[in-house]
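What follows is a pair of complexes built around subunit A, which joins subunit B in one and subunit C in the other.
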Partner chain A sequence: MITEIAPAPERVAAEPARPHHRRRAWDEVPRWQIYLPLSVYLLFTLIPFYWILLFALRPAGSTSLVPWPMTFDHFQKVWTERSFGTYFANSVYVGIATLLLTTVVALAGGYALARFDFRLKRGFMLALLCSQFVPGALLLVPLFQIFAELKMINSLGSVIIAETVFQLPLSMILISGFIRNVPYSLEEAAWVDGCGRLTAFRIVVLPLLRPGLIAVGSFAFVHAWNHFLFALMFLSDQGKQTIPVGLNTLMSADSVDLGALAAGGIVAAVPVVVVFAFIQKWLITGFSAGAVKG
Partner chain B sequence: MAQAAAVAKPPAPPRRRRASATPRRLPYLLIAPAALLMLGFIAYPVISVFYYSLQNYNPTKPWRNGYAGFDNFVHAFTEDPQFWQTLTFSAKWVVVEVGLQLLFGLALALIVNQTFVGRGLGRALVFSPWAVSGVLTSAIWVLLYNSQTGITRYLADLGIGSYGTSWLSDTSTVFPAAVVADLWRGVPFFAILILADLQSVSKDLYEAAEVDGASRLKQFWHITLPHLKDAIVLSTLLRMVWEFNNVDLLYTLTGGGPAGETTTLPLYIANTSVDAHNFGYASALTTVAFAILLFCSIVYLRLSKFGGETK
Partner chain C sequence: MMKSIRRSRRAATAVALGSVLVLTATACGDDGSGSAGDKGDEGSGKGTITFWDNNGGVRTDIWKQVIADFEKKYPDIKVEYVGIPAASAQSKYDTAIQGGGLPDVGGVGTAMLAAVAVQGALEPLDDRVAKSSLNGRLNDGLLAISKSAGGGDDLYQVPTSANNGTLWYRTDLFEQAGLDAPTTWSKFYDAADKLTDQGKNRFGFTIRGGEGAIAPALDAVYGQTGITSFWKGDRTTVNDPRNVAALEKYVALYKKVTPAADVNNDFTKMVAQWDSGTIGMLSHNLGSYQDHLKALGDGKFRGIPNPTLEDGTRVQVSNPVDGLSLFKSSKNKAAAWKFIEFALSHEENSKFNESAGQVPANTDAAGDAWIQRAEPTKLAAEALNGTGTKIVQLPYYLPDWNTISKADNEPNFQKLLLGKMSAKDFLDTLADQLDKAQADWKQNH
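What follows is the complex of A and B.
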């Protein structure tokens, strides 16, 4: 059932070409019934993307509907004057640290859940599932107090921990699913060959987990990159803030600089797009591996 | 994955090795980091919320701090119109959003599940807003909705509506405007999940139905929909919880305004605690929100038959 939660976008793309016993041509859905609604929906999807590009690339005050003459002034402004350069570095730091911490901790826990039966296992699984329903947004105040106690307010560490904690449950459930897909006998064979459990895991299991780990890690990164509330609450120092907080600052200004906002938005989107483009082929295998269990 | 827990093998068999000499403690060591993090940063905060819900606690008015019993709850339910207003708005927001997302997501999934030229690209484009963050979604729609150079200006050029219209600051248009912005990002979520589930419908069923002369609508009603039922129920519940909790979009797009028109319960809680420093009362409201979510969780766990699958 967990697979229902798993964002499994491209799994379907991996399906083999449906061969011969497809429906006969005369019974196929009329083409216009596909292309017409699809085009309408595509307009709805793509106009907003075009709109932000338009604003980012056309000069301030222009009302042209094509970004011409093209200017990169907005990007320069947002990067230096509005400190998006700093925000970008902070976001990258938070994203990568969250990715590493989430993956390592979830890998350990996921292995335990996949390979052992232990007394607290069911309780632990239940806690993992229930934690899906605990919203970070409602825990802001106690979390703030905890981080204040730990003297971590205004340090990126607080955001990294908070993002990791709320990423962990799902990551762990997914990873344990991936590990279950690796036959236990492979590990046992490695033990027989004289490997310790850790070595066997490293040599036999870890390489097979790579697609799944990349999928889980990239989601942790993207989530930490996109998430806003923790950074807003725990980081008051301007030099410590992240990209979403910077965007919010641009939006809540008295007179919004639309060009800068659009450029900032694109700066925020680029890493996500790059990550997805780069990992797409891993996502297909990664999530289909996790989803097989259905 | 539901049945997968049953596959878990017992601990290392007798021919164990040095490294696996402590299999009894090993799983606990392995889950310890995760368990500690979750205890410290989820369980403890939850408990402290329960504790403070029974307290008057406001750092700016320390002389009033102390045990309050159920005063906070009584206040919420009997004396605070804003609580009811935000709760009602939350319900309306969740039902409208999830309903429309499901409807459009289902339609979209059925369309891109067909075989047609350009399907791969079509899917990629249609699903793309899914990875966009709430804040970025807000930024995009602020650009679209702004009164000077937004979409209304160009509509006015065409003679539709009037110049200077700002959908986000008008109480009569802010709700649909926010709904559309969130739909833009939310529909792909359902479309992706439903499309994934559509892949496992047996082709034979359709063929048999066709032999029997069932129309496409009948096939959808009697084959596709029953097959999708579980996926739809679960993703709808998850999305409801998510939409209830999510404050990114409304916080940045409307700020809960105009005039508190789009303040959800979680936004109200955030304002109560962050701006008004009324931690005790905010905690009580959080507890109420938890109770609502707990109800959803129980329904969710029931429906997903959790606990039925292990052994």
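What follows is the complex of A and C.
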């Protein structure tokens, strides 16, 4: 009987060489083949931003391709004459309140979804997912009527509640995913040490949820910051309007002040860019962690 | 342990802060009463009324001046101004009609008047105008357009201003090329051709191919053929063979004398492109005058009414007319009407239109000195009121007009520009939809 034995030592010897080959192949790729496509992509992405900056910083009527002589007149105009100072404050208010409400309620709901079994749980999760397919515009009239009954039309609270309600399904699903990733045994150990469920959650689970909370919170903030429809429909008082509505008022039916529009766009974009610059590390970690067992 | 206590304090503070924010925010709302079914009340003629400006932002300052003048004259009436972005005005009205929260007075242009009026939200104004100081002082032509645009026999809008199709052209480029002003269609086509040098990124014309493309295209079509009525019996004239030929000639300008990107032009892109590039002519309306002035400076451009036929006849389509409406659900119609009457008075209507660069509806205001100084407005007023101009009334009274002229046919116009649809097919499709909408409308009236 002849038995063929595979040349195992050779295979073992060959394996460590693979990364080396890969590295050599990678090193042999000319740098321009990497950087040229990346640069083209970067240009493609950044040129629109450059145009916005250009229009915002160059004087009205200038056709210069560089923002020189530089003027801040457009910023001054939108901030003072067009009340962007007020709109900005309102948007910050709506954004932060939506962030806090969404995070707190999503934490509670997400914990229940992750840790408890109850009847129709799968159906509930499916309903949460399906609610994402309903566009806000479809619900405008019923929402308007509900807020009117509650005497909340023309109050920032109506926008905060509507934004929170629309953010909650996705936020709850994400948070429940993060909580599932935290071993249940950690909570059980805290109970053995004398903690109640709430204390155990606060001391043991909550600190581990930081990336997830940052992801969900920032998502809620940015969505509330950018959302136009609810603020337009539920708020009438000029002093209560938010940035997206303010931006739209810079375009009239027949005329548009491009300098002011660009300056307004930068005012609207800066907080979002700053938020993302600070939280991007946690944001990516958070979303990928929540997605594993969602 | 200390750490966890600190953390829990922070969490508690965040929750408390969130609650305070929400409670504060909800503390001062209102009930948004006033929907389409509400019959309202004449009221005491005093107190607070709400005014929605359907072109908020750009017109906010001038409306606030008018309101300040009004409150000075009527100290017992307060006007709450709400500026609505122009593009969202109809959605805001539609939501309020269904859900409540309509204003006492609102700016409702003829383009959306029928859609708002058909929902029963507006108060007929014929009697109020007849008994007011405005009787005999409003432009008859504009009043007729307002009445027709309401879709019925009643007047639902008091016109404040007329806009007009305007051919803006760069006088510096025309002088350099030794061209005459594009006052006739043949001069227009000749100039568009001669001013184009694609290698140097110079174009003779910029065409509107994106949002809002249908009305300017119809303006060019009827302007060239001289057909003066939109309807022949129950059928539209839009697909008349002469119109088909005129449209073919007009869309052939695309890419030959216009930038290729024009297929996506809405008015914003089109005006921005004209103001910052080297393009000879632009067909828009009086509303962009201030943009051109800021961008190009005085003396480098002119705005003239649409070109004429060779015999001097000018045919153009009607432009939407701005105006004010009184909402049926108002609990203080007496005060609301006082505001409308005041805003349409000689002095206030003149002030408003001087700022907006439009033709005043008040006939006394239309004779004011500033109009003689503002050439595009003066020429537009002469064209609108002159006997040499024939206006083809677009069917703004059809509740489906906005759908037909926007969502249904703007994509087809882009296909037409790109050569994926013929001018005949485009106009036949448009005509079918218009004939059906007209038949439906007639059945209900």
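In this section, the second predicted complex is superposed on the first by the 246 of 294 C-alpha atoms of A that agree within 3 Å, B and C clash if a C-alpha of one lies under 4 Å from a C-alpha of the other, contacts with A are read in each partner's own complex, and residues count from 1 in each chain.
Keep in mind that, in the parts below, contacts are C-beta pairs under 8 Å (C-beta built on N, C-alpha and C of every residue); 3 or more make two chains touch, one makes a residue touch a chain.
None of these values were measured; they are calculated from a predicted model.
> In the overlaid three-chain picture, which partner chain does A:Val141 touch, first (subunit B) or second (subunit C), both, or neither?
both
> Which partner does A:Asp193 reach: the first (subunit B), the second (subunit C), both, or neither?
Neither subunit B nor subunit C is touched by A:Asp193.
> So, A:Val222: does it touch subunit B (first), subunit C (second), both, or neither?
first
> More subunit A residues touched by subunit B or by subunit C?
Counted on subunit A, the partner with more touching residues turns out to be B.
> Between subunit B (first) and subunit C (second), which does A:Gly265 come into contact with in this model arrangement: first, second, both, or neither?
Once the two structures are laid over each other on A, A:Gly265 reaches subunit B alone.
> Between subunit B (first) and subunit C (second), which, if any, makes contact with A:Met233: first, second, both or neither?
In the superposition, A:Met233 contacts both subunit B and subunit C.
> For subunit A, give the residues common to its interface with subunit B and its interface with subunit C.
63, 140-142, 145, 161, 233, 248, 250-252, 256, 258
> Which part of subunit A faces subunit B closely enough to touch in the complex?
1-5, 7-9, 11-13, 15, 18, 21-23, 27-29, 31, 34-35, 37-38, 41-42, 44-49, 51-52, 55, 63, 65, 105-106, 108-109, 111-118, 120-122, 124-127, 129-143, 145-146, 161-162, 164-166, 168-169, 172-173, 177, 180, 184, 188, 191-192, 194-199, 222, 225-229, 233, 244, 247-248, 250-252, 256, 258, 261-262, 264-265, 268-269, 272-273, 276, 290-291, 293-294
> Name, in rising order, each residue of subunit A that touches subunit C in their complex.
So the residues of subunit A in touch with subunit C come to 60-61, 63, 81-82, 93-94, 96-97, 100-101, 104, 140-142, 144-145, 147-158, 160-161, 202-203, 206-207, 232-233, 236-238, 245, 248-258.
> Inside the complex, what are the residues of subunit B that reach subunit A?
1-5, 7-13, 15-20, 23-24, 26-28, 30-31, 33-35, 37-38, 40-42, 44-46, 48-49, 52, 104, 107-108, 111-112, 114-116, 120, 122-123, 125-136, 138-144, 146, 149, 151, 153-154, 184, 189, 192-193, 195-196, 198-200, 203, 206-207, 210, 216, 230-231, 234-235, 238, 241, 244-248, 251-252, 255, 266, 269-270, 273-274, 279, 282-283, 286, 289-290, 293-294, 296-297, 300-301, 304-307, 310
> Once bound in the complex, which stretches of subunit C touch subunit A?
Checking each residue of subunit C against subunit A gives 4, 7-8, 11, 14-15, 17-18, 21-23, 25-33, 50, 52, 55-61, 80-88, 91-92, 95-96, 98-101, 109, 163, 267-268, 271-272, 276, 284-288, 290-291, 294-297.
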